[in-house]
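Each in structure tokens, the structures are laid out below.
In the two complexes below, chain A is the common chain; its partner is chain B in one and chain C in the other.
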Partner chain A sequence: MSKIMVNDKAISVPGETLAVGMDVLPGIGTYREGEKIVANRLGLAMIDGRTIKLIPLSGRYSPKTGDTIICKVIDVGFNGWRLDTNSAYSAMLSMKDATSDFIARGANLTQYYDLGDYIVCKIVNVTSQKLIDVTMKGPGLRKLKGGRIIEVDPNKVPRIIGKQGSMVVMIKDASKCNIVVGQNGLIWIDGEPINELLAIQTIRKIEKESHTSGLTDKIKEYLEKNGKKN
Partner chain B sequence: MYRELRSHIISLLNAGTRLDGRKPTEYRKPIEVEYGTLKTAEGSARVRIGETEVFVGVKMEVGEPYPDTPDEGTIIVGAELLPLSNPEFELGPPGIQAIELARVVDRGIRESKAIDFKKLCIEKGEKVWMVIIDICPINDAGNLFDASSLAALAALKDAKYPSFDGEKIDYKVKTDKKLLLEKMPIAVTVVKIGDKFIVDPDTEEEKAIDSRLTVSSIEDGTLCALQKGGDFPLTVEEIDKMLDIGIEKGKELRKRL
Partner chain C sequence: MTYKQRIDGRSFDETRPIEAEVGVIKRADGSAMFKIGNTWAYAAVYGPRNLHPKFLQDPRKGILRCNYNMMPFSSSGERVRPGGSRRSKEISLVTEKALLPVLNLEEYPNSVVDVFIELPQTEAGSRCAGICAASMALADAGLEMKDLVCAVSVGKVADKLLVDLDYSEESYADGHVADIPIAMMPGSGKITLLQMDGEVKKEELMKLLEMGKKVLIDIYEIQKKALKEKYHEIEA
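And now, the complex of A and B:
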């Protein structure tokens, strides 16, 4: 019979024993050591049926297949582009995944994406060695023109997006800005100067208060109060 | 490399605002000056402009004067850009940026005659005080020039001579004698992006600048030093405008000391 040592949503520190016994399974952010399941980062322990996982409180982005991320072009090669993913690993965008246009042999690739450009792309594969392949084929995947990029804690991105995107839709409506949120913690915002500022301030507020409950209502109130001024 | 960012900043400036909602000639808040933050230094200060934070320490040594100025002491300014303050900085010997920063701060103090070098003389041709000013940015969120020169001045203002018996300095005992500052040179960096002028650029604006002019002026608005940077030239009219902004903003900054 196994024993779970922590409460649901309890703050756990690296090395803390979360559970003892072989019929509990280690999830993300935990590992098994003999009979024990141990936390390997700082976060909230979530008990989900038989598995125990840790929701990290902070840390860098770690690439995951299927994520839509915002990347910066850091190198243009012969057959593709190298992208900065705001994580420890860079991604590769190959020519055939970059565009549906015909690219002539030896064409200048900078006319599609140049150094320093920001693009929205989707991760198709992450190897065990953390080589990342991304694609530009899919709805909403494109080069970002104009606007600005801000950086947030990647662990707070789910809060910024909200359930089925409720939070980000609310910000979009209130600020009349175009917003793209990348899973890697980069956010692109484009709109009128004063509205952009409102969107950024709201996102910073969400980041700061992400651990509190009833956040959607709080942000709604905040947007109503501050949006009127403009 | 930063075309998109630059065009965005310019379109914001045309609307009379900036990335963080400031006016073109508005400093970040808060501007804080804290004196005597380092115990082992003869004088020290910490300055914060927005998120930019700089420590400056002043040490005083006794040394031989230069042969051409036997009755004058001297100042030595050094800056070290720590990797902890900006991920783009690297360890190792000072690079172009660090040297420029140190020289701009040095020139402001030297050319304004803020310190009377003759008063640093102990024994003509033999012994003089050497004032060593070390700049140490803790966080570089843009505009290190203004923050560093303000901090250097504050640290000099705070500095007291250590006790000296003619042979050895006892750094553990500070005297009441202060290092006298005759003038208060304040450096203000005015930046040109497109055809607009701004002060106190943050990290992102610094990536998009065309040219910058660091203007050092003293209380009565007299110019004492200039440093031009950036890739684009400036016309005489533009420089005139930048000087006006620099001197006016300098008065504002001086009130913080």
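And now, the complex of A and C:
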């Protein structure tokens, strides 16, 4: 008979025994040690039927295939661009994935993306050695002109986006700003300076209160109260 | 002369008062503070991040880099000369070796996790305080780790066996002193650091290890509590 030792949504620290018994299964962020299931990192324990998994609460962004991220161009080469992904690894954007235009051999690639430019791109592949390939082909993938970039905790990005993007749409409407949220924790905001400020303050508030329930209503109220001043 | 009572009135198996807090350095990826008596340690973790110079990179796993530093006016004696010394280099190395067994760095090839341990004031037991702080900071940084690491010093002063020596005991002049810092993974009870300054008999060492383990479990509870405290409102 197996026994689960933690409550659902309990904070677990590395090395903490989450359950004992062979009919409970270890999920992401946990490992089995004999009969026991032990936490492999700091996180929120989620009990899902017979499996226990840990949701990370902290840590840097780790690149995943399919993520849409905001990157900075850090180098321009012969056949592509090297991008800073706000993680331990840089990404490669090849010429072929960047544009469907014809680029003559030996052309100056900086006319497309120059050093220091920010771009929205999508990860197509991550290898075991964490080499990252990104593409610019897809809806909404583009170079970001103007605006400003802010950095948030990548673990809180899902709350900032909200269910089906509900939260970010709400901020966009209230602040009249263009907003792009990258899953690597970089957010691009473009609008009137005062509106940008409102958007940033709102995002910081979400970041701070990301764990509370009924956050959407709270933020709605906040935006209504603070948005009218402008 | 025998050592009848500890100078600060503690019992022989009692540590100095301990205080721990997580998330003390906002700009770091993970951070923690660990105070044991008058020895204070702050640890900040940065990474996994890009590793340079490139020849240090390991394509099989990420590497851990620890840096132990006593601040200039941290000790009770003369000013500590800033910068690295032979001693700080050794302690950085043993800290690294004490922490590595719990970390799974295979997820982060070619990268580095930097741990900076700063000690604003010390009164013996600084490498143990540093290891305790560093292990909490690593957990706070969201790294994959099997377990926490907790550390304490045990030893012998004159003919008495005791835990967590302070400076007056470490420098006790009227008798023999042995100082043994130990670090342990509390889950499995395995030891990751064991050093000895001085001499003890084998039986005494075994007894000291038992005493140490008992105290380390208490320290583990304190570390655990501190980690949970930082995130407790998420739970509620």
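By definition in this document, the second predicted complex is superposed on the first by the 227 of 230 C-alpha atoms of A that agree within 3 Å, B and C clash if a C-alpha of one lies under 4 Å from a C-alpha of the other, contacts with A are read in each partner's own complex, and residues count from 1 in each chain.
Please note the rule applied: a contact is a pair of C-beta atoms (placed from the backbone, for glycine too) under 8 Å apart; a residue touches a chain by one contact, two chains touch by 3 or more.
Computed from a prediction, not measured in an experiment: that's the story for all the values here.
Chain B and chain C, once both complexes are superposed via chain A, fit side by side.
In the superposed model, A:Gly162 lies in contact with neither chain B nor chain C. Looking at the shared chain after the overlay, A:Arg60 reaches chain C, while chain B stays out of its contact range. Judged by the touch definition given at the top, the superposed model places A:Arg148 against chain B, while chain C stays out of reach. In the superposition on chain A, contact of A:Pro14 is made with chain C only, not with chain B. In the superposition on chain A, A:Asp117 makes contact with chain B only, not with chain C. With chain A as the common frame, chain A serves as the apex of an angle whose CA-centre rays point to chain B and chain C; its value is 60 degrees, to a multiple of 10.
Measured by the number of chain A residues touched, the leading partner among chain B and chain C is C. Between chain B and chain C in the chain A overlay, the least Cα distance found is 6 Å. Chain contact summary for the complex, chain A toward chain B: residues 115-118, 144-148, 193-194, 197.
On the chain C side of its complex with chain A, the touching residues are 29-30, 47-50, 59, 62, 102, 104, 107-111, 139-148, 185-187, 223-224, 227-228, 231-235. Touching chain A in their complex are the following residues of chain B: 1-5, 7-8, 12, 15, 17, 19-21. Looking at the complex, you find that chain A touches chain C at residues 9-11, 13-17, 29, 31, 33, 38, 40-44, 56-60, 62, 87-90, 128-130, 155, 211.
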